[in-house]
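Each structure below appears as structure tokens.
What follows is chain A paired twice: with chain B in the first complex and chain C in the second.
Moving on, here comes the complex of A and B:
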């Protein structure tokens, strides 16, 4: 408690300050410094490692798994489930329907990663576009945007997701991969206001800067100013938010799976779906408590994935926002 | 006087948001007009009744005119009926009635969760800021991160698994035990003055609707304790999975205040570290943390939905989670509307509280 004082002022480390590049390449120098701070934080490094691990699983999942983990048992809710850590063939045990958990989860890594990236990338794209132009032009468009985001922020995400899914589920019955399309589209609709709000806030300060004024004075059109000068300089908080949301989306999807309106097809390897297989049984909850590994293992994957991305996002925020670092 | 103008201005700013929410639910109902007509019909589903409904709610008027009739319906309590498959709330019941019945239970759970969040996160946030970059700080930041990243239903199942060796999980579901063993007598030996049904109280026997308050009003302490046993685990789960926001915000606002000039002045005067933290830092950090409570509530209500579903808690969340499966359209729309109103009002209260605590807001 007493040396809270001494840690208040962070003196820049010697080796960063004496960098030879500082005069020639200031941006490179800035990156070096940011990377130094990133490396110094154990939590951020842990987040990077976990995220890299899951990315590795997702990219190489066809190589890591052989055969079909979905060899259906004759009696899906038979009591002869194999517990975790009891056989080499089924290292994390089997879940209902005789599904081998470890390969199923490795297959799921690819689907979950793709799902969350699809939602976040599209949502961020839409949000950045709308937010940048609203912030740049201001006026009525901006006011309307703010009210729209207020509306989206005032309803809990999961309620909005339930509403979207219930309303549009019939329209996506016949579309290929219908439930995925529906989930991705509904989550995009829910998610873009976050980015619009963030970018708009950034743009409001960036558009007053000298170089924007200079660009406008030299005859650049609105499109050029927004795309060349405003968006690139407003993107840092968006990257932070993306890294946080990629984890959050999987959490939301898992919760939707739990209340049975997410992915509810037993042959779809998806972490949330795997963790809620007990929903397919009549006395699901009591069954789950009898075979705890069937939900603990996939849930742990979700937890680690979201945790890794959260730690990473937090680390990035710390290096980009010096106010938080201190 | 200034405070009043601030409150009025803030109240006026609330109106567009609420209108926006009604516009959103309106658009959703128009996207599935068939389902919406079905929920307005309720039990009697003949073609003539359908025509009567279309005429009564002006569903063949131009869309922008329909919006005003929709608003009128909302205000006059025509919220539609639950679907015929809704076993939790009951088939073909008026949605508004179900909402009034279930709303207090969700409020009770949410309020207790917020209280637990505050109790848990203040010490963690303070320790984290004071012991910055040491082991306690890393641990509390890690826990804040975990609480962000933990799937709510999974955490609830883990806790249930942990306690299931000691308690039957059927003793934990609902808001009161209904088994004959636990049928409560009042202190005078008479039967309790309320009637319990499906793990909740019947509407007419609830003075406030909040179970823990009602049992105390009736002076029925065994029932109070039983109710508390039922609520504490769900509330704990919601609180633990949502406290990360407050811990992190409190930590950073503590650090923010600790770098201020007046804190340095206090230290320079020779005030001990303990008094600096308690009197100068904490007070200002708490004030700014109040602003984040609205955001907390929005996230927390999402967790409430999941937890209610697991514990069969007789609130809005359990109802909505079950309604989602059976396409109970009117219930979902009412849920969106009511949750939005709750969050908007909570934000209003938070803003007014903040303006009261920090005069710069209302004067500036």
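Moving on, here comes the complex of A and C:
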């Protein structure tokens, strides 16, 4: 009987001996327990490793690359590209204008990570605030905020982003960050409504829970209730969505690069930008296909990055949503 | 059966004509197409230091009453005066009786309703705002039924207990820590339990944490909303003893909501019986269990299990279901299930009135008419009724 049971149940991680009077130890143990379930899923671990790899590249990119990958311009024309895996100096080959792909890719990791985090973090912050207060207060306030988000949803998001970028490109020439600021802002504008909706749905169920009422009964004001109880308990789908979106943003940016309204600057290493250098070299697609590494290499980076974060997101969902746990 | 002994003559809370209707939305533009009469015009008093029981079946408005008393819900109408001085109560009695009978002149009615507004601003929990509301809130707390849902799973126990203190800016950090650690010992847990999450506790322990949180601000009045119904029997007894000990120590007033009549009998000095949003009977606990007058109370009391296998007791069983609170029956709300119902029950709504000048309030036309059948039924339903098998042997 006991044997059958022990094979049936997943053995819980044994409790760490901890000081009974520490406020940090129980939280650590909680994370430990959650990571235990995370570790059970090989895909989630793969996602974590891939994401950690890119984070490593982003953090240490100045140490990993020396010099400027753009200095190596051998030939300004598109005809003299070095293929991948043919020289130690250019392990992944060069793309147009003689840009050395490997160091450019590593440098790009930092920009892509920062870019996607900036968009998603700000978008999620705005969305969580709007969704949480709309859901908590309800009534007319909720109606107004949700109709505003509906307006944003009614326009296809990529069209809205393209429109904003095209219209404001000139005005953002002199702003700090230039085109990056514009891209980030316009992607935030199209990104927050998703979060507002997710959080509002979650808040509608959390605000009816007894501990929220207990907090109100003990005299906590609306702000305290929302920030202490409602938001922390409505965040799990947000974390999942964030990890999925961080990958998606890079993909979307590559789309914008492809139609030439993205970064549009030869000297900026960014994966989507690197993959679409044939635009700047005025090379047609047919000719560009003869140099497959020029877009496969940055494309693979985007693919891996998006894939890693998707797997990580699924893993986080498994941790945070007990109903999904097997 | 011990009953709290600290009951004083002072009224802690005087509830008048409290109404809580929930709109049913539907149709175009989600207008209200009807109302759920959750609490429909109830009046009662709670004395300082007593434990008042509130019984009734599921969905009769017990919990809604408790929540409305703490202003967790805004009432549709009605008043609940907190700590009114005796002369104010007297004045209120006059005002309300004046408002009820229409014989007085229009001017009188106007004067008394302005005076009522004045009193409400001063004493009614529904009239106050801002600072005064917060102050009133701090003297009233609630313990919920389900200890598994009423603790935030992401907070440590010490933060949960400290929450009322922090929300009221009641003290500085070290004072709060001190207060929290004295509270946790008071409810019978250890210091090390402060640094755990709610999910690490059993139901009874969680309910102790809920009690500690409710006591943090030294409340005068605590609504206990079925505090033991989610616990098993041995733990129930522990929690009830804890509650009684704390009541004596802190001189608190309890409103004890439950559907468990034996628990009510053990805890309360007075009992309010509710049916479908109305008060049907109010009496001292022993009086109620000895002479249940309202047919509904009779059915409830006769269903109490008496732990004696030799006792032969009759059970009064009421048929049918509770009618919908959205369209309650006319006249007496219980008439659809009452075996004694007559025409008058359909036509006229019975008022809660003293029975036979005993302080036993009951809302039933037939009882006040001294209908033989109901008086008989009261005898049969009483907890002391029933024929003991032993007695028969001895005779």
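By definition in this document, the second predicted complex is superposed on the first by the 280 of 326 C-alpha atoms of A that agree within 3 Å, B and C clash if a C-alpha of one lies under 4 Å from a C-alpha of the other, contacts with A are read in each partner's own complex, and residues count from 1 in each chain.
Everything that follows uses one rule, which is that a residue touches a chain if its C-beta (ideal position, glycine included) is under 8 Å from a C-beta of that chain, and two chains touch if they have at least 3 such contacts.
Note that this is a predicted model, so its numbers are computed, not measured.
Novice: Quick check for you: in the superposed arrangement, does A:217 touch first (chain B), second (chain C), both or neither?
Specialist: After superposition on chain A, A:217 lies in contact with chain C alone.
Novice: When the two structures are overlaid on chain A, which partner does A:311 contact: first (chain B), second (chain C), both, or neither?
Specialist: In the superposition, A:311 contacts chain B only.
Novice: Is chain A touched at more residues by chain B or by chain C?
Specialist: Comparing chain B with chain C, the partner touching more chain A residues is B.
Novice: When the two structures are overlaid on chain A, which partner does A:34 contact: first (chain B), second (chain C), both, or neither?
Specialist: Touch status of A:34: no partner.
Novice: For A:181, using the defined touch cut-off, is the partner it touches chain B, chain C, both, or neither? Pick first, second, both or neither.
Specialist: After superposing on A, A:181 lies clear of both chain B and chain C.
Novice: In the overlaid three-chain picture, which partner chain does A:229 touch, first (chain B) or second (chain C), both, or neither?
Specialist: A:229 contacts chain C only, not chain B.
Novice: Touching A:26, do we find chain B (first), chain C (second), both, or neither?
Specialist: Second partner only.
Novice: With touch defined as at the start, can you tell me which chain A residues reach chain B in the complex?
Specialist: Spelled out, the residues of chain A in touch with chain B are 1-2, 4-5, 7-8, 42-43, 147-148, 150-151, 153-160, 162-170, 247-248, 251, 254-255, 258-261, 272, 275-276, 285-286, 288-289, 292, 295-296, 299, 302-303, 305-307, 309-311, 314, 323-324, 326.
Novice: Where on chain A is chain C touching in the complex?
Specialist: 20-23, 25-26, 30, 209-211, 213-221, 224, 228-229, 232-233
Novice: Sort out for me which residues of chain C touch chain A in the complex.
Specialist: 67, 70, 72, 134, 137-138, 140-142, 144, 146, 149-156, 158, 163-164, 167-168, 191-192, 194-197, 210, 213-214, 216-217
Novice: Would you tell me which residues of chain B are touching chain A in their complex?
Specialist: Within the complex, chain B contacts chain A at residues 16-17, 20-21, 23-25, 28, 31-32, 35, 130-133, 138, 141-142, 145-146, 148-154, 157-158, 160-161, 164, 169, 252, 255-256, 258-259, 267, 273-274, 277, 298-299, 301-302, 305-306, 309-310, 320-321, 323-325, 327, 329, 332-333, 335-336, 339-340, 343-344, 347.
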